[in-house]
Amino acid sequence: MKWEMSRVVKTVTDILVAPIIIFGIYLILHGHLTPGGGFQGGAVIASSTALLIIAYGTLGKHKKDLSSIEAVGLTLFILIAFLGIGSTVFYNYITGTGFPFGGSLPYHGPNPGYINTGGTITFMNLMVGIEVAAALSLILWMMSKRGGVMEPKGSSSKKAEGKD
Amino acid sequence: MSWESFVMMMPYITVVILMAIGLYTVLFKKNLIKIIMGIAIMQNGANLFLVSLAYRRGYIAPIFTSAESTDMVMPTPHALTLTSIVIGLATTALMLSLTMMIKKHYDSINTEDMRRCKE
Amino acid sequence: MIDIVLKDMWSPIIFISIVLLNLLIVYWLYKMGNSDYKKTKHSGEPFISGNRPPGDVRRVHVAGDNLFWGFRDALKQYFDPLIKGHTGSINDYMYWIVITLAVVLVYIYMVV
Amino acid sequence: MEPIIQIIQLLVLIGLIVTALAVVFFKDLISAAIALGASSLLLALQFYLLRAPDVAIAEAAVGAALTTAIFIFAIRSTDRKEGCK
Amino acid sequence: MKKALALVAFFVIFSFLLLGVVQMRPFGEPENEDMDDYFLGDSQKRHEVNNVVTAVLFDYRGLDTLGEATILFAAVSGVLTVLRRFKDKEEGEK
Amino acid sequence: MTWDTLVTNSPTFILGIPLLFAFLTALSGRFSKKIGDTLFFIALIATAFFVSLMSYEVLTGESWFYVFGAEQPSPENIRSFFRITFAADGFAVLATITIMITAVAAGIYSYGFMKFETGLNKFYTLFLLTLAGVNGMVLTGDLFNLFVWFEVTSVASCALVAFKNYRGESVEAALKYMILSTVGGLVILFSIGLLYGQHGVLNYALLREGITGSFIDKLALGLVMVILAMKASSVPMHMWAPDAYGEAPGSVTPFIAITSLGSLFVLFRLLFSVFSLTVVSGSILIILGTLSMIIGVSMALVQSDLKRLIAYLSVSQVGYMMMAVGVGLATLNTGDYDSFGELAMQGGLFHMINDGVYKALLFLSAVAVVHVTDIRSLNDLGGLAHKMPYVTFFFLLGALSIAGIPPLSGFSSKLLIYKSVYLYSPILAIVALVVSIITLAIIGKAFFNAFLGPDQGLVKRRVSKTMLLGMGILTVALVLFTLFPNIVVTEVVTPAIDALTETFEGVIP
């Protein structure tokens, strides 16, 4: 894709990408305490991908990596859900056990909360965040490189050749 | 209907108007991208409807930071809306990529040209 | 009522055995006739009205559109609008959905 | 609800309808996509007013940023004007 | 002709929707809140979570979230499928 | 993990195993091409195993509710219904069995059929996702969850339709299908909002308690009903179906058809178990069903494309089920139900499971014809019986069954429908009979054109062993249903009817 952006755009992108990603990670990790969660954080991270694509035109050759990350995130999500099968699927079996993320809130009612509470909810947030970020980045990447709408390898297409 | 109650019904009426605009676009526009935009407007309408259902006057967001549990708006529609927002993005992306393939094969994104399958 | 119907419900086993019996009888008749049959020079070849078909035998095959053309022609007023209605345009598909939706909503509102 | 909030809410709702109409009537698809993004942004504001911050964040990130981006990517690889064949 | 019919149907549908929406409970005053109040009261005690929406999303209605992530996954697979390179052969099965 | 745990959790495994293996299949594309095939077949077999486990338990023991996230699997109090539930009852058994037979056959068939395509990992992934979506649709007991699985099914099956992206027609059919299902999904979402706003719950059981037939309930009923009928390809909203069936990759065509059958299952469950407005919805079903029968068969008569012909026939078969179940629904709470309503229900639901099997057989054998000749038009085909005796046999079986010729299974279910519908309204029964006769004529035309006549040397490739195996599985099922209709009706269909008509009563304390 021939796509040149000015140096200003590239510099601003370089500066902005890291804070956006950190903000996304914050949203994911604090999803059970403050507004936010896996979807929102993942979408925010993916918007940094959009910025990178607009500034630089490509993400390099990471399509397979992104696709694998997405599948791994979902696999772990469904496994976490199915590990509760001793009771039922999606049973929150970690909460209150003291295991990391199994802590308890200081008192029930209004409180600032701790990050190590929530049981499986925190893990699921993390997995969904990973999945959503990878999936949305992949969609953006696929659609940006002119959709990957390429000519058939052997034949030359007659119509769409010289257009725009 | 009094002015007060009209103002109170305003979110619902907006929802219906948004759905109407979206459906109008899907029905009568011939451009595929416009049709998909119409679907996106319908999605916005449906999401607004769900969130409006959750509202309880004078209550706060369903997050325990400052108030008691009885003073919060309803959480379930929020969860449903989150789900439907991401569903909307997924379907929109798939439809747009199909449109790109249509452009590639038919050299047009007009629905009148997209009629090889018929009868 | 249901029990009675279920009892004398359609029973394929009986049907199949009767059909098999009939087939046996037919086979027996065929056997009887077969002994008198004399094979001639042209037996087994394709023919039309007692004559050899002209030209290539493959061309004789009846194509799909030729079957039932009389039926279709007789009901032209019915079939032509029907085929014309299937335009293949997505807008038309949506029109039909919306029209059905409106009719069903009015029907439900009126009837109940 | 206080009157001022009520008025803001009314304005946002009217803005939603106006931007949605703009999406329908713009002939330039890029403008329509931008209007759709604006509509999503107003929707996020409305969600915030309805005490749904979670949904507001999601709508702002997904609706305003990502949906607009993929629409623009798609428009770039097809036609820009609606009337175009 | 069909278009005019569809326009009429469109207006019929939306008059119905408007009628229905106007008959709904007033905005801001829900009627049956048992389910949501149960979630509000239960989520912090049972699941140690401050954000009730997250609790609903990942615990009470976790299957919805799984399905939703699956839709995203399916959409990505679909986009990758639809936009993949063509095969070498000109045309496949007719 | 004990055996009991497996049995109680089997509904979730029916859903979870295709999902898990879909993700793993997508992941395996990085490493090796072979792993994808293996995982796919493991997933199919494991899902079939859990379906049979659940069916055995439900049909011999008791049906149960599975509550996600609860401490015990079955609900002990009303609060469990605030969570998502799965209903493992007779109706779910009927639906999942129908789906699984087709899925296994189509999956095995795909192995030989799709060998030459690129991106097979994604094909398997999408196939498994569609399977999970349909299973979720028929198993779930929660309205919003239904919407989610509805969308999963739409997205995945639409991507499957567009799999041959080098053909413009495939992409076109997929886009039409996708736009219709997305708009439909949004309408369903809107009516979910209406119902939630009125009753504050989403579970079928609790909604049934609340629904009284107010204006908003009627509105939601109309919206949901029309959209699900659209997905079930009922006339006049059937036009997407021939496009999608005709242009999908051949081996998944019956599977796309099964998704619309799944929507029909969901429609019946909603009409019986949630909305209590039975008379009006029954009459709408009867009208739509009659229209489907007539228009579908008329359009099939004028087709010369083999796949589209069968697609239109399947539209007309959907009409039979809607009409029969509509008669059952319209007479549900009256005295007529005992005299013929239940018989109509038996006929309709038995016809659904039959239809799933013989339609798949017909589609797969037609696709085999297209595969070996590269010709779809009936005008150019001919004389294939000389080179493809097995496929001819399979096609003949499916054809005779869809036309309702004794002794095949299509006849036994159609007989039940004629018998019962005649008592409701003789005209409808006569229409059904005439449609059946025209179906025989059409299928005779297709068979005559494609298979009979002198050999024209059209065969280009061989039908592979796995394709034959896929059709063989369906044939075995067809023969079983043919020989033992009484057993199927009493053991599988009657529990399904009981589950529909008495659902959720007595479960809520």
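To keep things simple, chains are lettered A, B, C, D, E and F as they appear, and every chain counts its residues starting from 1.
Note that in this section a contact is a pair of C-beta atoms (placed from the backbone, for glycine too) under 8 Å apart; a residue touches a chain by one contact, two chains touch by 3 or more.
The structure presented is a predicted model; accordingly, all values stated were derived computationally and were not measured.
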TODO: Compute the shortest path length in steps from chain B to chain D over the network of touching chains.
DONE: 1
TODO: With centres defined as the mean of C-alpha atoms, identify the chain lying farthest from chain B.
DONE: C
Task: Chain whose mean Cα position lies farthest from chain F - done: D
Open item on the list: As a quick test, compute the distance in whole Å between the mean CA positions of chain C and chain D.
Closed with: 54
Task: Length of the line joining the C-alpha centres of chain B and chain F, rounded to whole Å - done: 29
Task: Distance from the mean Cα position of chain D to that of chain A, given in whole angstrom - done: 23
TODO: Please work out the Cα centroid separation of chain D and chain F, and write it as a whole number of Å.
DONE: 38
TODO: Any chance you could list the residues of chain F touching two or more other chains?
DONE: 19, 23, 26, 68-69, 144, 148, 151, 155, 158-159, 162, 165-167, 171, 174-176, 179, 183, 197, 202, 215, 219, 243, 299, 302
Task: Set of chain B residues in contact with two or more other chains - done: 10-11, 19, 22-24, 26-28, 35-36, 52-55, 57, 61-65, 69, 76, 78, 80, 82-83, 85-87, 89-91, 93-94, 96-101, 103, 114, 116-117, 119
- [ ] Return the residues of chain E touching two or more other chains; collapse runs of consecutive numbers into ranges.
- [x] 3, 6, 10, 13, 16-17, 24, 28, 30, 33, 35-36, 39, 44, 50-51, 53-55, 57, 59-68, 70-76, 78-80, 82-87
Open item on the list: Which residues of chain F touch chain C once you look at their complex with the stated criterion?
Closed with: 175-176, 179-180, 183-184, 187, 213, 215, 218-219, 221-223, 225-226, 229-230, 236-237, 239-240, 243, 277, 279-280, 283-284, 295, 298-299, 301-302, 304, 338-339, 342-343, 377-383, 406-407, 411-412, 415-416, 419, 441, 445-446, 448-449, 453-454, 456, 482-483, 485-486, 489-490
- [ ] In the complex, go through chain D and note every residue touching chain A.
- [x] 53-54, 56-58, 61-62, 65-66, 69-70, 73-74, 76-77
Open item on the list: Touching residues of chain A toward chain B in the complex: what are they?
Closed with: 34-35, 37, 39, 109-113, 132, 136, 139, 142-143, 147, 149, 157, 159-160, 163
Task: Touch list for chain B against partner chain E, complex - done: 1, 5, 8-13, 15-16, 19-20, 23-24, 27-28, 52-57, 62-65, 69-70, 72, 74-76, 78-80, 82-83, 86-87, 89-91, 93-94, 97-98, 100-101
Open item on the list: Looking at the complex, which residues from chain F come into contact with chain E?
Closed with: 19, 22-23, 26, 68-69, 79, 82-84, 117-119, 122-123, 125-126, 129, 132-133, 136, 144-145, 148-149, 151-152, 155-156, 158-159, 162-167, 171, 174, 194, 197-202, 210, 214-216, 219, 250, 370-371, 374-376
